[in-house]
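Input: structures, listed below.
Paired with subunit B in one complex and with subunit C in the other, subunit A is shared by the two complexes that follow.
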Partner chain A sequence: MIARLDRSARSNPRLLVGLVLLAAVALAALAGALVASDPFRTSETVLRGPSVHHPFGTDNLGRDVLDRVLHGVGTSLKVSLLAVVAGTVVATVLGLVSGYAGGAIDDLLLKLAELFQVIPGFLLALVAAAAFGASLLLLVIILAVIFFPRTFRLARGEAIGLREREFIHAARAAGARPVRILTRHILPGALTIVLVNASFQAGTAVLIETGLSFLGVSERDTVSLGAMLFDAQSYLEQAWWMSLFPGALVAVTIVSVNLVGDGLQGLRDVRAAGGVGPERPAPESGQGAATLERLAVASSLGDSTKTQKGEA
Partner chain B sequence: MLWYVARRLAGTVGLLVAVVVITFGLIALAPGDAAQVLAGQAGDPQYLAELRGQLGLDRSLGYQIGSYLLAVARGDLGFSIVQGQPVLDVITGRLGATLLLGGTSLTIAVLGGVYLGVVAAAKRGSQLDTGISLASLIGYSMPVFWLGQLLVALLAVRLHLLPAGGMSSAGEQLGAFERVLDVLRHLILPAATLSILLMALVVRTTRAAMIDVLEEEYVTAARGRGIREGAVLFRHALRNALRPVITVVTADVGVLLSGVVLIEAVFSWPGLGTLLLDSVLSRDTPTLVGLLLFSSFLVAGANLLGDLLYMWVDPRVRLR
Partner chain C sequence: MALLEVHDLRTHFHTRRGVVRAVDGVSLSVERGRTLGLVGESGCGKSVTALSITGLVPRPPARIVGGEAVLDGRELTALSERELEDVRGREIGMVFQDPMTSLNPTLTIGAQICETLRRHLDLSPRDARRRAVELLSEVRLPGAAGRLDDHPHLLSGGMRQRVMIALAIACGPQLLIADEPSTALDVTIQAQILDLLDELRQQQGMAMILITHDMGVVAEVADEVAVMYAGQIVERAETVELFDHPEHPYTEALLGALPRLEGDDVREARLAAIPGRLPDLIDPPAACRFAPRCPYADGDACTEHNPPLREIRPGHLVRSHHPASERASRGARV
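Up next, the complex of A and B:
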């Protein structure tokens, strides 16, 4: 996997640029956790523009915007990573088993996925956060629930597509147990599309996290880029830097994961076109169809895209 | 066809019932309730009990859900004590503003996005295509509320070209025509912001679909017959490329709704989004449940509409 990533990064500028940007964002978050000073320390120097002492200026309470931005991006990454990993692992396992085995449980899980696709995810997150009080853990859980249906359907679709292929029949005839077939034969085939999906969902998670805290629904003692933008709203006239830097960082973070998603999708296309790996047949006409498939994967905030035509 | 619609509608009703159950469950699990909000922090226990009795909060969760569903079937979404009127009236009172904002943005996004997508696909690989694709990737990744802020900071605060928020200028006596113009002036910034997000989605979908369609033989045949390129693109190819666009647009009503909430907050637009936010802050449970139900209904309805449109554009599609 790593070797393949390395090889394809060279022929895949989107993936490369995305990974570099993402690494920069992650470094910023690391700097926030390790080097930056207390993001809550107030001072007399309020609403100062960028200077040597405060490269990103200070806010209405005299807090250093750079310190806060570095801590804020850490919050976004943490929430996004936890939610996407949790949601992806659970949904992929259930999706693969459900698609491979079929039956009543498959029907039930599919109904459940359908249900959560009708409820607009962002609104659900807003209501839940308001009801339970905002906490990062709750946000992670809700995001994972919001992300469940799409990942589940993708993994399930892959399992159904692969289930009747000859090499699976061969493995079964050779006496391989279902667990082995799923982990050794079906999972590798589904992995790329699941990863593509996960990277787009990581972007959505950042959008929802910052969006909610922008609306005032966030933990009080964590710094969030969204909450910083909410503060900035009242000072647009005096202090543009209060809005510019946090917002730009949110945008760069999301652009980077979306580029990675685009790039990974490119990997999948290359493999599919070359007939390598247990992919479903290559799209009829190269890039276009694949882009569509990716778009189907990449619904933004609401994650409410319905079943694609022809899916399983 | 009618049979299909009826079955889909029945399925939608089932989903909406499930949405109600989930919402009630969520609110019941949460600490505190509407009576506490109404009575204030240090509410007198007897008064609290009385309020709970009035609101039906002392009944079992199953009973509450059941009676709510029966009421909904009669077209009654409950009563919002915070707003002092029936939830249905509260929602319909704000619906117009949201429809104006959402409808305008969606129209701009679809028209502009389809046009740009077709152009990008026709000039595939050119600098123009790269520019359009890159712009749509960035537009798609932009947090809408920040984009709105930047536009306010630049066009409203700095250049004083447009109003920074609200739907109309307060305190001015205006004639009917001037009032319409006034609302339009207020509409420009929020609608522009929201349509950038949606347009990015439409551009990406249209471009991808057009690239596929343009490689088909009937397009080559049309070109071979000497039909003008514009007509080939927009009359022959686009019709088939529209199918995925319809799917994405109707399926992304959820995206539209969350965008609306954020945009309305940035521009203090008096629609359903600000209503939702107010209800969250005041823990106005009846309104919250009503709004969530209403938006799920919108999403399900849009999905159904999408499938019907799909069939209209492509009669080969048989609906099961």
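Up next, the complex of A and C:
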């Protein structure tokens, strides 16, 4: 697996660059957790530009921007990873079962997915945060719910496509049980597209987490990049470093996971073209939908930025 | 008692247009160590019959609405899905038509054989691998030992069909169902695969149902033949008897559709095609199902009564109002 990934990374610059960037971001988060000093410690040296002591400068309360950025990126990654892993695992299992079993189970689960699909995610997050108070756990759950429908439908579509393939019939004729068929014959075929989808969703998760904390929906005791950006607005002209570094880190994080996603997608296409992987029709929702959703989230962020500026 | 006794099997497909009677009262039996050829054109219900016996028809839309299939004293149609899973691959092995798509392209052939072996037999991974190599040699896959870790795309069609056969016989089934096993292959490979199946059947004392539309294949391998038409068996006899004295007009037509290689008029003679096509199996009329295409159809009998399957000679059953021997005795009609 590692060797294969290594070989494909060489022939796939996007994947390689994405992985390197992502590793750097993850390392930064790790450094934030292990070696950076307390991101809440205030000092007298407020609004100082980058220096040897404070490479990224200090903010309006004299806190070190580098420390805060490292912690903030850790928060983003944590939320994103948990939400995507939880959402993907649950949605993939249910999707495969739903697609393979068909019938009443399929009808029920599909209705459930459609229900989640029509709920506007960003709004749901805001309302839920207002109702239950903002917490990382809540955010993770809401993101997982937002991500559920697409992953579910992708996995379900793959299962339906593979279900009627000859080799599945042959496996059944050899006495294979449903669980075995799902795990050994159908899951591997569905895995690539599910992983591609998950990596795109990880980018979206970072964006939504940043957007929500920008609007003030974030746990009190955690540092988040969105909240930093919000604070930075008021000092945009005196202290550019307060917004540049967190903003850049958000961008780098999202670009890196999307590059990984693109790279994985490339691998999948190569495999499909080579005829090694199971051939299949185009998935019901492709990357176009993902891009649209990212744009939609971005534009809703943009709108809220304007609103905030208007109020400020 | 025969190894497999199928009695009055009925499988219907429930579709939006109505109920399709894909298998409509099929009875057949296969003795241990013998080969039954199940013949008929595409869509006549051969495969659905086989799938019904093994419980593999897609339910829904299909439903087995009547009849029974008894394998070695066990009534298969009464078994639960879980019990059927234990029968499939263990007591009944199946070989399908297209070896290019019947193997999982993402798994090595060794993995696929071992999976089946370990599913039914209590084997350690090491023993399963050893047995897999033996099986691949038994089906005479060239370089068997080195092939275990190959993915299917490295193998040719004929080689893949050998792997499929190895899979089918892996757990020593009593019955092997081969559904058009040679149709997708080159002619030379076809003969090899048929020989291999026949040889394995003899060695292992299996019974075999060979499903095909090719009378030539039947003549080569089968001990007994059942001809199917529109969901029903129209003629059943020992192979030699059937080829020498076909009774049903449909069987005659099938034999007439075989190209001949000898005789004076070989170059000029055209292949005899059977006019018309299979009738709609949604609410078929009470008439003889072959009547619209039958050159001998006449009068009320043919259009109003579906003839029963009757024993015209010992061991020779036919479903027709105008079997060949009776036509002859009444004076030949054209």
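By definition in this document, the second predicted complex is superposed on the first by the 279 of 312 C-alpha atoms of A that agree within 3 Å, B and C clash if a C-alpha of one lies under 4 Å from a C-alpha of the other, contacts with A are read in each partner's own complex, and residues count from 1 in each chain.
Criterion: a residue touches a chain if its C-beta (ideal position, glycine included) is under 8 Å from a C-beta of that chain, and two chains touch if they have at least 3 such contacts.
What you are looking at is a predicted structure, and each value in this text was computed from that prediction instead of being measured.
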| item | value |
| --- | --- |
| First, second, both or neither for A:H53, with subunit B first and subunit C second | neither |
| Partner chain(s) touched by A:R41 [first = subunit B, second = subunit C, both, neither] | neither |
| Of subunit C and subunit B, partner touching more subunit A residues | B |
| Contacts of A:A130 with subunit B and subunit C, given as first, second, both or neither | first |
| Partner chain(s) touched by A:R184 [first = subunit B, second = subunit C, both, neither] | second |
| Partner chain(s) touched by A:A171 [first = subunit B, second = subunit C, both, neither] | second |
| Touch list for subunit C against partner subunit A, complex | 54, 56, 60, 82, 85-90, 93-94, 96, 98, 101-107, 115-116, 119-120, 151, 153, 164, 167-168, 170 |
| Complex contacts: residues of subunit A adjacent to subunit C | 103, 165-167, 169-177, 180, 184-185, 188-189, 275-278 |
| Of subunit B, residues touching subunit A in the complex | 15-16, 18-19, 22-23, 26-27, 29-31, 137-138, 140-143, 145-146, 149-150, 152-153, 157, 197, 201, 204-205, 207-212, 215, 244, 247-248, 251-259, 261-262, 265-266, 276-277, 280-281, 283, 288, 291-292, 295-296, 299-300, 303, 306, 310, 317 |
| Parts of subunit A lying in touch with subunit B, wherever the complex brings them together | 114-115, 118-124, 126-128, 130-133, 203, 207, 210-211, 214-217, 226, 229, 232-233, 236-237, 240, 243-244, 246-247, 250-251, 254-255, 258-259, 262, 284-285, 287-289, 291-292, 295-296, 298-306, 308-309 |
